[in-house]
Every structure is written in structure tokens, then in C-alpha cells.
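Input: a single structure, listed below in C-alpha cells.
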Amino acid sequence: MIDAAWLIPAFPLTGFVLLVLFGRRLGDPAAGWLATAMTGLSFLVTAGVFVDLLSMEHAARHATVDVFSWIPVGGLSVEVAFLIDPLSITMALFVTGVGALIHLYSVGYMHGDGRYPTFFVYLNLFVFSMLMLVLADNFLLSFLGWEGVGACSYLLISFWFTRETAASAGKKAFVTNRIGDFGFMIAMFLIFSAFGTLTYSGVLPHAEELTKGTATAIALLLFLGAAGKSAQLPLYVWLPDAMEGPTPVSALIHAATMVTAGVYLMVRVAPILELAPTAMTIIACVGAATALFAATIACAQNDIKRVLAYSTISQLGYMFLAVGSGAYVAAIFHMVTHAFFKALMFLGAGSVIHGLHDEQDMKRMGNLRKYMPITWVTFMIGWLAIAGVPPFAGFWSKDEILLGAWNKSPILWFVGLFTALLTAYYMTRQVRLVFYGDDRWQQAEHPAPAVADPELSHAEPVAPNGHGPSEHADPHESPPTMWIPLVVLAVLSVVGGVINLPFSHDTEHLLRWLEPVLGEEAIHLFDGNKIVLALIAIAASLIGLAIGWFAWRTADRPELEPEPLRRAWYIDPLYQAIIARPGQALADLSSWVDRNVVDGAVNGIAVAFREGGGQLRRLQTGYVRNYALGVAAGTVALLAWFYMRAG
Amino acid sequence: MTAVLAQATGVDAPIRFPAVEYWTLVPAITLVVGALVLLLIASLSRRTYGAGLYAGLTVVTGLVSLGTAANIWQRVSDEGPSTAVAKAIAVDGFSTFFAVLIACAVVLGALLAESYVRREQLPAPELFVLMLLSASGGMLMAAANDLIVLFLGLEILSIALYVLAGYHGRREASSEAAMKYFLLGAFSSAIFLYGIALVYGATGTTNLGEIATFLATNVLSNNGILLGGMGLMLVGLGFKVAAVPFHAWTPDVYQGAPTPVTGFMAAAAKAAGFAGLLRVFFSAFGSEQLDWRPVVFVLAVLTLVVGSVLAIVQTDIKRMLAYSSISHAGYVLVGLQAANDSGVAGSLFYLLAYTFMVIGSFAVVTLVGGRGDSRHSLDDYRGLASRRPGIALAFTVFLMAQAGVPFTSGFLAKFYVISAAVDRRSYALAIVAMLGAAVAAFFYLRVIVVMYGPPAEGDEQRGIPLPRSAAVALGIALAFTLVVGVLPAPVIDFARHATLLF
Amino acid sequence: MTLLLAATKVDMTVFVVASVIVLSGAIGVVIARNPVHSALMLVMTLFGIAVLFVAQDAQFLAAVQVIVYAGAIVVLFLFVIMLLGVDREENLGLEELRAQRPVAFLLGVIALAEIILLGRGADWVSGASSVAGRSQNETANVETLARSIFTRYLLAFEATSILLVIAVVGAVVLARRLSPSTPSREDQQ
Amino acid sequence: MHAPTPDVTFPLLTVIILLPAIGGVMVLLTPSRRLDALRLIALLFSVGTAALTIYLAVKFKSHDGDFQFVSHHWWIRDFGISWKLGVDGISLWLVVLTGILFPIALFGPVVKKDVKAYLGWMLLLEAGCLGTFLALDLFLFFVFFEIVLVPMYFLIGGWGYENRVYAALKFFVYTLAGSALMLVGMLALVFLHQAATDRLTFDLVALAQNPGVGESTARWIFLAFMLAFAVKVPLFPVHTWLPDAHTEAPTAGSVILAGVLLKMGTYGILRFGLYLFPKAAVDLAPLLLTLAVIGIIYGALVATVQKDLKRLVAYSSVAHLGFIVLGTFAFTTQGLSGGVLQMVNHGISTGALFLLVGMIYERRHTRQIAELRGLQKPAPVLAAVFTVVMLSSIGLPGLNGFVGEFLILIGTFVTHRWWAVVAASGVILSAIYLLWAYQRVFHGEPDEANASIPDMTWRERATMAPLILLIVFLGVYPKPVLDRINPSVERLIDHVEERTGESQPAFAGGGAGTTEPHEVGE
Amino acid sequence: MTVDAGAYLTVAAALFTIGAVGLLIRRNVLVMFMCVELMLNAVNLTFVTYARELNDIGGQSLVFFVLVVAAAEVVVGLGIIVSIFRRRVEATADDLHELSG
């Protein structure tokens, strides 16, 4: 089965090609089913490979599947080849698994959209790119997937392109990602300069040959890439805006898969990170800062998806905190569980939006548990999971990370802990606003002044699906294609923790599974300490829950939504002021210089010639005696020269 | 008169006349005889013939002259160069080359003049007579091995051209051109002659071979007189070839003279002037290179720059072409400045290519000029391509060739002289010449732009007849320009073997 | 100048007088307001030149100089002046072309200085002697000249015939009055 | 020595050059009212040429870096000038690109005005372009290099937009002035070579073997060559003819201008600059690298604020060509191969972009970005195609633009680290200006004028299809192309290294002898 | 020896420059033309002086040809003058400046 690993990306690719060619003819919903089937098949193959790997010797769980030579130039030889090892297969499993679920969900969610087939074209292409990213056996092929998912993200965010905000958001995502990619590229160049190859197997086992400086540089540059893709400070700004895309996109790309690519990359290059403790510290600090920073913002957002977006950023910060602390397994663990519950919540949110006819403002929701029971129940599970309530999946992974952080530095641990409290708080706020309280969607015609600013909330009434929110019928539960994935994900969110329970080495399945790739995990706290820390974490979560629960019995608590938080710490205007505007000014200046100086010089020469001609022309007076004078003058000059030469 | 006087003194010893090798003079004599025949027909016949007959005879004369020149070429290649008629003329590839060139100019000029004379209702025979005689002077100049023969050739050429320039008596401009050309021509002739006198004083002879021998065998303690004479001769010849600052007559005369005459003048007179310049300076004064090359360098640069720059601002096509002819002279001077065999050959090639380009160009100008020879402004060419695509295309080719676009003779011509300059390490001059070509492209293209643009208001109806004779001239010039552009080897060979006597 | 002292008084006197005549005549040509006066001054110069020719043993040329120049050319000039009636006086105080006159003078002076400097530096003469045949010998000047012209300069001599033909034809062409061209619309621009 | 080898085999290269030229002449001889006949002739000849170029690529022996299909006849023997043609991995793909791009440019955009002249000029232009890429004689190269100006001048001046006369003149005179010095340099080289070897020849190979010029002289001559090529490329700061020419040219003109003509500059740098003057090229590399980097950043910045869509694409060319020059002066296998590949890539993507802009212009009769909006709604296929081309131009992996750009950057990085780093930031800028332009043109709610435009016609789809296929193919499987480029590039690098004593890092060059520092243990 | 050649030549040079300057400063075409004759005569004097100095008859022969040329020039020149000034009696050289620029 391992030899057939190339089938994993091949299925979504086939889907993509088929949909490009025949998508419009297949139409709604056949196109969606085709895409779903392809992703599903891909998942099955992945599972098969996974089983194969399981059956192999621990250390032998490593294979390379060559497909063809991509870029062979001189000493650089880049193959299209897949690296099959526990890490990549873990990633592939949840990419295809979650991906398949979200495809399924989309079949229902996107129903009725004018560009239904196109959506699945993009979606399949995305899955393909993502699989290339995780399965690639070299940096460059990963980069292909890396950029590919970025491009798909761009296409999907601006899917409803007639909305300026969506179009801008897509562009912003791509450009911000590009900044990160710049780092990735330079890192690749450094790696090539150092190793003469770009394959993981040619680089990582030899990582110790690097000097510390080079290793740090590579690590930080890769982290720049990861920060772009995984929305870390300071490149996170695109992710909240990315919520302009259809909700399944948010779930798939901006919660579960693409944004975790950065984490994957960091874990993948762990051997290099190990050589660069400074870089590790920076990563951990950035992760922690991002986690806290995003969590604070999430506390004061009203857009249901934006809350989740900031939450995602925050959770990704956790993962980087883990990476920076050397707790790679924890990072992967959290990545997986996060994929489950965040996808679940996004899909739930999508279900809510769908049920409310594209209403996204939580202030205009409420009491939905009555109308959308399945959504409600599954969302509640997600809520408990992310809040870190045991025994839901999120608790276990978050706990691992906090342990790692403690190991690195108690300050980081404390930041993580406080973030956990905030997380519990804002998620509770969301649950309260959406599912409890009064039904507020009836008063929607008069939006509160707080959300009047379009910069603040993107919950303006829009009609992506062709039926506007103005016709406020009662909310309704979503069709089965939509709630089945919810249920599946809910189950996973409950039990996801079992893959890596910290009770003993035997229950740490993920740890052992990833050992061939990551080596022995370094963290071995004595159990007492471990338990104390876990209890503190649980306490923090519960406190957060409690505050949220009681504070948000009513929806109108402006005092709990301070302006700086609502405005996301004014980062967007800040960037606008310090980057975009000077950039624009620089471009304007360049353009001016081009027209007036560079081209001006050229035209100046032309003018000079013409002017010179005009002046010379005045010598051509038409008076024959003047001409004779010219001849005479020439003669005199010539004679003068020859007089000087004579002798 | 002198013969009578000589007889009257009754000297015993008979004069031993030198051998006159007539075959060496046949091309020029043919032209003179042709001219006399035309005169006889015109004056003796009762009937008045149209321009066709005279033009036809002129063309035939030119072709015969061409043929005899070819014959001489054969003989020179077989027997080697020599001098003839008491060393007064040189029989070498160089002189034969110019005989061919000038004969071509005569043929093309006559073809062009035929329809012009009819259109403008000018008296026919004398124009052709003068053209033939003038051409014979040009040939004499090219062959001259004696400064006085050179001077006489120059005067034969020039005086006929003075008359030709004023031939269109109804045009004020024509008379003005004649007047200016004459006054300045006489002035420069006098200077040239003074130069000859000084050279004579410095070397004791006017024979070029003897001058060279003298300079080679004597070391002058002070060559001031020689250099002064050289300088003054350079002025005279520079005037003829329109080198800056002796160029001022050119635009006025070219513009004022009847257009076919302008074409002939630009081709033949310039070529003859350069023939003299090359022969005198390269052959006779070759040993004084160090003194005159810097001067020619400066003249070349000035000529290139002033010609090009002034052409940019012209709105009259004839005038523009006049300035362009000045800049072309600059290129030939580049060849002269190189002062080596390839420089001479390059200059020759350039002049031959230019002959066809410029007569072709003036052929178009003649046609577009219309009755009265007055429509020469840029606006008169507006939309020519839509009215007469053939003529416009031909003009385009000629202009492109003058600009030095590849696959035309003009490109190779420029290439040749510039390569000679580079060969002599005159990089600065080569660069100026190339940049001059770029500037020149500007004003040639401007005409092309106009031709391919929309027609001017109310001008759409104006017919531009294309008489057969002019069409033939255009065709020949076009064919030469393009064929030589693609397959230049024979002509380059011709130029390379058109070596000087010494 | 030392050589000048060695010259005989007669020669010297002839030279000086003739030179004065030549140059003053020339200046007269230039500054006479009336073209007829200019022409007469030209005759004076030409006679002076003829005298200088004689002084240098070029008797034949002196004769031709007088006959051709004074007798034919200047007469032709006067004839044209009369024909055209352009014998009105020219106002020499007026010069429309700015700077023409001073520059012309300046250039004239410089040119003269240059020629003289060049000449003096090179002792005026550096050429080989008697290349075309001796001019001072027992035979008459005319004969020597004739031999030279009919042998060494035979071709040049023949070439002058073309020149004369051109002069004739040219004169005919230029003297002819053209009838106005038939369709006159396009005659003048 | 180089005796003219009798050509016993079929003179393929000569035929490739002559075929379009003959077609052009035939078109000119056909009466202008017989439109169908004219089109048919042009079609046959251009497609025939394309077929021949593809045949050439098929017959081309990969893993042979030397010149192939060489044909050699004297042209002007007295000057040592010969009709010498040959193709190697560097020129092969440019020839193929030219062959393919011309039929597309000829029959993609519809031209109604003066069809005969249009087709004639296009075919002559094609002949000139092919000649430039195939010439192995300096003089022959120069002749072709210059002659292409003429048809292009007429195409811009005759079928261009409002400001065409100015643009055409500027194009012609600017480039002519640029190449002025090249001729002088060329002649200087030839004569110095003659002085050294007593043999007058314009043969590229002979001159490269022993130029016979001193170091400082070589540097001057190199600069003379470089000026001509820099103008053609165009390299900052001699680029300003390009926006005008591109913007005012008719669609086909822009396509060929960007796709083929600009490549003459970069090709010239490789074929003549590096090959003839390796030492000077290495010594002056920092200067040229700097100019290239400035071009990348500056072109992108200026492109960002352009109001005219076509002008924006034109400035993007400045940036892209900067990459190619960058790779060229990296002196590594990757850099050079990437540069060569990128020439082809840029030809395809930017050619396609110009075609698309032309399509938009035909629909809206404006190129002003401000007047366009929301076109994706009425024209989704157009938008999709535009997206693909745009992503290729941005350098998205999996599409052609990336492979070249990446190779250039990585190749440059190993020898000239900081230049590569700065240049890489151009990748970000290109995303900004293209995506922003795309957003303004295609995204948003279209107003009335924009909402009613038709989507791509089948003719247009047929025009774009081969380009899109190439974009994807070259992005996914560039190996066949690279396999033919690499040997020639390595040969060139060997040539340079032999004469300069410098060498690229061992792991970058992949010649037979070099081993990688780390054998990958698997 | 009689009078030094240098003296003759100096006179000739002076005559030549006077003629040249005259041509430059006079407006009357006929007078200008006379100035050309002055220049030619200066040349003739130069030739004759050299002929004597070099004891060479060639110089004198040359004068002969100069005379012929001068005559032909005069014929044609006066013809041109006549043909122009038939129409415009008062004209000077300065009045002919239509062609310029």
C-alpha cells in the first residue's frame, strides 16, 4: 500500500481536473459529490498506508515514493517524491479525514450557489496542495503545496468576489502569506547552500553539521514562513479577514488544515530547531504572545466567525509555544485535536449562519438551541473541548503544551494558562450569545451602533447564496449533509484525547508513533508536578467558563467589550499607517521618478537635440555672405591647426 | 589661340606630343560626345523633339560609358593600374569605380529628368547636355593625377551644375540656388586653387605622383607651405562634398535646384568631390597623415552631428534630405579618416550605395513634388501610403537604407566605414557615427510615419502620376539598394579592388 | 628683407609701384560704392598684376592677362552693369548682417597673418626645381610655355574645351526667357 | 580552422528562418483585397514554422551542450562574415517559443485594418526574431537584432493605440541608439582578434576561443555589448521605452515584444556577453546584479501604481526581466538555467497576459483600471484564464513562472547571497501589484458597462489554450526543457570558469565529475 | 636675384585676403564676383612667382588654365546674375535669402 501513496494526492488532483473540465456540466450537487468522493478515496488510501505503517517495524516506518523528476539542474535535483513516515501520514490522515467531512458539509452548505462547481474545484485543489505539502519529501515540493494552499486560500476567501471585502481579504491573505513564503524561500536557499540538497532525508539527519548561526537563521526564516501561514504575530492579520470566505473554507483551511502547515513545518525541521535554542525561544515567545494577544481580541468580537478566527490564531499560538518549548508531540497532538473541535465549531457556526440566512452577528442571534438542536449539542462539545474541560480532547493536548511551556519557562506557562482562562471565557460568551438568551434575530433591521462600522464587523447583510438575510424566516436545522460531519467531528472532539493520554508511556500513542521522526520526547516531569499543573489548568478553564457564563446572561454588556479589543488593538490601522501608506508613497514616488527623471532624461535628450537643431538652424540664415563667412572661418581654423602642426 | 602663337614664333624643334591613351578616357569622352550629339540634334534639326529622345540618348550614352568603364576595369585588373596622357590621369580601379558610379548617376538622373522636364515644360536638350558634361568633369576629377586636371574637372562639374541648379527659370528658388551655389562655389574654388598654388610652391609640382615621390624622398625642414596648401585644398574639396563648416550652401541649393538635378548633384558631385579628396589626401599626402587625420576627424564629427541635428528640425523634405546628405558626407569622411585601404574601399562602397539611395529618394521627391516642383513639405507626404503604396514603399526603403537598417545597402555602407574607423582605433569617431545613425533614424522615421498616417485634408484627390521613366529609375535604385543589402559581396569586392594607383 | 636690399633698384621700384597699384586697386574694388568704379579698380589691379608678371619673366602671361582680363572679362562686367542698370551706388555705411563686417575683417587679418607666418616659416618655397621644365632658358617664354602646355598639360588643355562648351551652353540656357508654364495654378507655392 | 563545412544534411535552421520571410514576401505579393488568401498564407507559413521549430526540439540531442544543426556558408567573405546558424540548449527553447507564439499572436487578436501589411510585417518580424536566436556570427546576429526593429516599428506605428507614433519612434530610436555602441564594440573585438590571430572573422565560436583582447579592453567592449542588451532587456535605467511601446502596441505587437523581442537582450547577454567576455562579465557582475535587483524592485513598485492595465503588465516585465539578468550573472548552473527557462516562461505568461488585456480592451475599449470592475461576473472563463496566467506570473509553484524564478534565486543565492535576498522580496511585490490589479478589474460588483461584456469566444479560448497548457506543463514537468538547457549552460559555465579561474560552489554545478557534498543516505 | 619671392607671395596673399574680405562684406553681386577675380589673380601671381622661384614653366602653364576657368566662370556667373536681375533690378546678394533654415 505504501507504494500506492502517490494515490493520496492523485485523487483530489483527479477530482480537480475532472471538475475543471466537466464541473459545470455536473452541476449542483453532482460536482460536490464527486469532489467529496475523491477526498474520501484519498482518505481511504491514507488509512491503508497508515495501517501498513503500523504493521511495520518501529524504526522502519519510513519510505520514499518517487514519482518523477521535477527540477533537475546541476547539483540541484528536485524530485516529485513523497515521504511516508508517521508524521506525514498523521497529517495526511487528518487532512483527508477532516477534508472529506468538510467536503460533505459543503455539498449542503454551498447548495444553490451560482458557482457551486467552482467551489469544489478550489476545494479539491486545496486538498491536493495540502497533501503535497505534508507528503513532500523535500522542501521545494512542500513549498509547492505551501504556496498552493495559499493560492487556494486566496481563491476561496474571495470566492464571493463581488464583495469588495472578500476580494480584499483574499488579496491580503495571499500577500501576507507571501511575506512568510519569502522567509521560507530564503531558508531553502540557505539549506541548499549548506547541504547542496533540499530533500528532508538529505538535510535533517545531517543537521548537526550546521553552524549555530546558520541553524538559527534557517530556523527563524522558516518560522517567518510558518508565521505567515499559521497566522502568528505579526503576520496574523489576514486570518480574521479570511472569514469572508464561505464557512466550510474557514473550517477546512483557516482552522483545521492550512493554518497548521506552519506547525507541521516546524515539527518537520525539529532537528534544525534543536540546534538553535535562540530561535526556539523566539518561537515560543511569539507563540505565547500570539496566543494571549488573539485571545484578548476574541473576547470582544461580535462576528461569530471572527471570534473563532481569533480563537484559531490563539490556539495556533499555543502550538508554536509547544514547538518553541520542544514539545513537538504536544504541538502535533494539539493540532489534531484542534482540527477536530475547531472544524466542528466552524461548521457549527456555518450551520448557524446557514440557518439564520447568512446572519453572522452574534448580537443578533440567541436562543438557537431551540431551533437547531443538533448544531447546539455538537457546538457545546466543541466549546467544552476548546475550553479545556476534561475529558474532552482539547484538555489533553492543551495540558501537554502547558507542561512543555512550564519546562521551558514558568512565564510562558503562565501566559498559556491565562490564555486558557480567556479562551474558556470568550468561548462561553459565544455560546451564551448564540444559543442562549433571547432570540434577537428579529430586531436585526436596526443594527446596534457598535457594529455599524464595517471595519469592525463584517457581518453586513450579504447574500452569497442568493437569499438575503432580510427575509428573516425562523432559523432551521441544517440538512443531513451538514449535520453528519458535525456529529462525526463532535465524537472526535470528545474522544480525540485518547491518541495521547499522559498516564503512561503506553497510552501515549502519538508520542510513540512519532518517535521514529522526532526521537525521544525530552519532557519527563515527575508525576506529582504534572498533576498539579493539570489541576491548575483545569481550574483556570473552569474560572473562565464561570465568568463567561454569568457575565453574558444578557447580550448587551458594552463594558466588557473595551474599544481597543473590539478594534483588535488597532493593528490594521497601524499596519496601514506604517506599511501600506509608506509603501504606496514609495510606489508613487518611483512612478514619478520614472516619468520625470528616468524617462525625463530620455525625452530631455530628444528635446536637447531639437533645441540644438533650432539653434543651429539660426546659423543657416539664407544670406550667402554668411555662408561665405562660415567657409572663411573654417579656412582660418584649418590654417591655424596646420600652422600649429607646421615645423 | 596659343597654338597659333606658338606657330608664329617658328621654332625648329617640333613639339613631341605625349601619347594619348584614348581608351583610358573613353567613359568621359563618351559623355562629351553624347552631349555634343544632343547639341547637334537640338540645333540642327528643324523638328523639336520631346524630352524623351534626349533623355533616351543620355541614358544610352550613360550606359555606353558604363560599358566602357567596365572594359577599362577588365584591363586594369589584367594589366594593373597605370597613368596616361603624360601622367595627367591615373588609370586605376579607383577612377574606374567612379566612372561607373557617375555613369550610373547619369543614367538614373536622366531617367528622372525626362518626366520632370516634360512636366515642368522646360527646354529639354540643354539639361541633358549639361548633365553629361558635368558628369564628364566628375570622371575627370576621379581620374585626375594632376592637381590642375583635378581642378579643371572640378570646374567642369561645378560650372555645369551652377547652370543646372538654376535651370528651372520659373522658380525663384531655383535662381536663388544657382546664385548662391555659384558665388560660394567660385569662392571655394579660388581657395582650392590657392591651395594648389601653395602645394606647387612647396613641392614644385602639381602632379600627384610626383608630389608623393617628393614627399617621400625629401624631408622638409618646415612644411608650413605644404600644410597651408593642404588645408586650403581641404577647404575647397570639403566645400564640394558639403563637410561642415563648408556645408552651408547645401540645404539651400538642394532645396532650390530642380529635384532631379538635386539628385544628380547629391550623387555625382559628392562622389566626385570625395574622389578628389580621397585621391589627393590618401595618395599624394599620405605621408602627411598625422597632420590631416585629426582635421578630418573633427570635420567628420562636425559633419555628422550638424547634419543629423539640423535634419531633425526640417519640415521640407528636400531640405531634410540635404541635411541628411551632409551627415552622409560625415560617414564617408569617417572612411577617409581611417586612411587605410579598407577606409577607402568603405568610402567607395558608401558613395555607390548612397548614389542609388539618394537618387531613388529624390525620384520620389520629384514625383510627389508635383507640377511646379513645390510640394515638398512634410505635409505633402501625409497619407502617401494610402494613395501610392508603391511609391511610399520605395521611399520607405530608401529612407530606411539611409538610416542604415540591415538588409539595405545603407547598412553595409555604414558598417564598412565604421569598421575601417575601428580598425584604425578611431573608436570615438565610430561611436559618434553610430549615434549619429540613431539620431538620423529619427528624422527618416518621421517621414515614414507621415506617409503611413492618414491623408491630409483635401489632399486625397491629388494624383501622383508615375511616369514610366521615373518608375524605371525607382526600380533600379530600389533593386540595387535591396540586392546589395542582402548580397553585398560583389559590390564589396568591387570597392575593395578599386584601389588607388599608389 | 636682406635679400630685398640686394635687388636692383629698378626691380625694386617696379615691384613696389606695381604692388601698390595692385593692392590699392584691390582695396578700391572692395570699397568703391559704384560697381563701375569697382570694375575700373579691378582693371588697375589687373594691370598691376601684369606688370608683376613681366617682372618675373612671364611676358606671355602678362599679355594674356591684359587681353583676357582687362579686355574681355572686365568689359563683360561693365557690359552686365550697363545691361542691368545696377550702377547705382551702394551704401557702404549700411550693413544689415550684424557682425558680418568686423568678423570678415578679423578673419581676413588672421588668414593673412597665418599665410604669411606659414610662408615665412617655410621660407615660402620648398619645392623641387624645374619639374615641368625650366622657365628661364634661352628659348622664348611663349615657346617654353607652349611646349609645357601641349605636352605635360595636354589633357588639361583639352579639358578646357569642355569648360568652354559648358560656358556657351550655360550662357544660352541662362539667357533664355521661359514662357510661363501653361497651367499656372501650381507654379508658385 | 573553420572551413565552411558543406551542408550535406537538410539545412533546417536556414529553412526555419527563411520560411516566415518567404511567407512575408508572398503576403506582400498577394493582392490586398484577397483577405482569405492572405490569412491562409500567413497561417500556413507561421504554423509551418512552428511545426519546424517543434521538430527541431524533437530532433535536438539532449545532453549535448554544443551547437547543433550548424550550417555555415560564407556571406561576405572579405569581412569574414558568414551565414552561420546553430542551436544549442540556450537558444533552442527561444526558437520554439518564437515558433509557437507567432501563430498565436497572429491569429489570436483580430485585426481588420490593412490585413495584408499586418500579416506581412508579422511574418518578417518572425524571420528576424528566429534569425537573432540562431545566428552564430556576430555580424549576422547584429543584422537580425537590428532588423526586427523595422517590422515592430511599423506594427506599433500602424496598428497601435492613440500615442503610437511617439511610442514607435521612441522604441526604434532608443534601441537603435543602444545598439550603436555594440557594433563598435563588435568591430573592435573582431579587429583585435584579427591582430592577435591574423584571421578576420565574425564567427562567435572562434572569437570566444581566443578573443585576443586585454582585460580592460574586454571590459569596455563588454560594456558596449551590454548597453545594447540592457536597452533591449530592458534593464533599469534604460527601460523607459518599454512601457510606451508595450502600451501603445497592438495586442500581437505587445505579445511578441514581451514574449520574444525582450529575450533578445537577455539571450544576447548569455550568448555574447558571457561567452565572449567571461572575465569582464564576472568582474562587472556586481554592477549588473545590482541593476537587475533595482529593476526587480523598482519595476514592481512602479507597476503597483499604474492606472493603465497594459502599462502595469509592461512594468511587470521590467521586474521579471530583472530576474533573468540576475540569474545570468549568478554564474551558477541553477541561475543560468533558470534564466534561460525564465525567458521562455516570461514569454508565455506575459504574452498571455497581453492577449488577455487585449481581449478586455476589445470588450471595453479601455485599459484604464478605474473603468473596469467586476469582470469576473460576466466573464468567468476570462477571469479564470487570467487568474492562471497571473498566478504563473506571480510565480506560483506548479506553474511555469515559479521554476525559473526559483532556480534563478537559488542559483544567485549561493554566489551572491544578498542580491538574491533583496530580489526575492520582489516576489512579494509581484503578488501585490498583480492581485491588486486583478481585484480592481475582476472583483467587485460590475457596473452596467462592465456587466454586459461577453465571455471568451471559442476563438479566444483556442488562442489561450496552448499557452495555458504550456504554463501548467512547464510548471509541473520542466525536465525535458531543463535537460536540454543544462548541458549548454554547463558548457558556458565551464567556459567562463576556465577563463576566470573562479568557480561556482561544487554542489551547485552538477557536472559529471562533481559529487554532492552529502550523498543522501536513504 | 631680383626682388625676393617672399615679397611677391606676400603681396599675393594680401591680394587674396582682400578679395576674400571683399566678397564677405559687399552686397553687390557683381562686386562680389569681382572679388573672386581678385582672389584668382592672387593665385596667378603666386603661380608665376613660384614658377620663377622654382625655375619651372609649370607654374606659368597653370596660370593659363586658371585664366580659362576664370573666363568660363565669368560667362556662367554673369549669365546667372543677368537671369536673376532681369527681374529684380535693385537686388543685392542679401535679397536672396528665401531659402534658409
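Each chain carries a letter (A, B, C, D and E) given by its place in the written order, and its residues are counted from 1.
As a convention for this text, contacts are C-beta pairs under 8 Å (C-beta built on N, C-alpha and C of every residue); 3 or more make two chains touch, one makes a residue touch a chain.
Quick caveat: nothing in here was measured; it's all calculated off a predicted structure.
The fewest steps needed to get from chain A to chain E, moving only between touching chains, is 1.
Chain centres here are means of the Cα atoms, and by that rule the chain farthest away from chain B is A. Chain-level centrality, scored on Cα centres against the all-protein Cα centre, points to D.
The count of contacting C-beta pairs peaks for the chain pair C-E. With every chain reduced to the mean of its CA atoms, the largest distance from chain E is reached by A. Centre-to-centre, using mean CA coordinates, chain D is 65 Å away from chain E. With centres set at the average Cα position, the gap from chain C to chain E is 4 Å.
Centre-to-centre separation between chain A and chain C, using Cα means, comes to 100 Å.
With centres defined as mean CA coordinates, chain D is found 37 Å away from chain A. Residue positions 617, 620-626, 628-629, 632-633, 635, 639, 642-643, 646-647 of chain A each touch two or more of the other chains. Within chain B, the positions touching two or more other chains are listed as 2, 148, 152, 155, 159, 162-163, 166, 169, 179-180, 183, 187, 191, 200-201, 204-205, 222-224, 227-228, 251-252, 439, 442.
Within chain C, the positions touching two or more other chains are listed as 60, 97, 100, 104, 107-108, 111, 114-115, 117-119, 121-125, 127-132, 145, 147, 149, 152-153, 156, 160, 163, 166-167, 170, 173-174, 177. Of all possible chain pairings, those that touch are A-B, A-C, A-D, A-E, B-C, B-D, B-E, C-E.
Across the interface of their complex, chain B is touched by residues 606, 609-610, 612-614, 616-617, 619-620, 622, 624, 626-628, 630-631, 633-635, 637-639, 641-643, 645-647 of chain A.
For chain B in complex with chain E, the touching residues are 2, 148, 151-152, 155, 159, 162-163, 166, 169, 172-173, 175-180, 182-183, 186-187, 189-191, 193-194, 196-198, 200-201, 204-206, 251-252, 255-256, 314, 319.
Residues 20, 23-25, 27, 32, 93-94, 96-101 of chain E are the ones that touch chain A when the two sit in their complex. Interface residues of chain E facing chain B in the complex, by the touch rule stated above, are 9, 16, 19-20, 23, 29, 32-33, 36, 39-40, 42-43, 46-47, 49-50, 53-54, 56, 58-59, 61-62, 64-66, 69, 72-73, 76-77, 79-81, 83-84, 93, 96-101. Interface residues of chain A, counted against chain E in their complex, comprise 617, 620-625, 628-629, 632.
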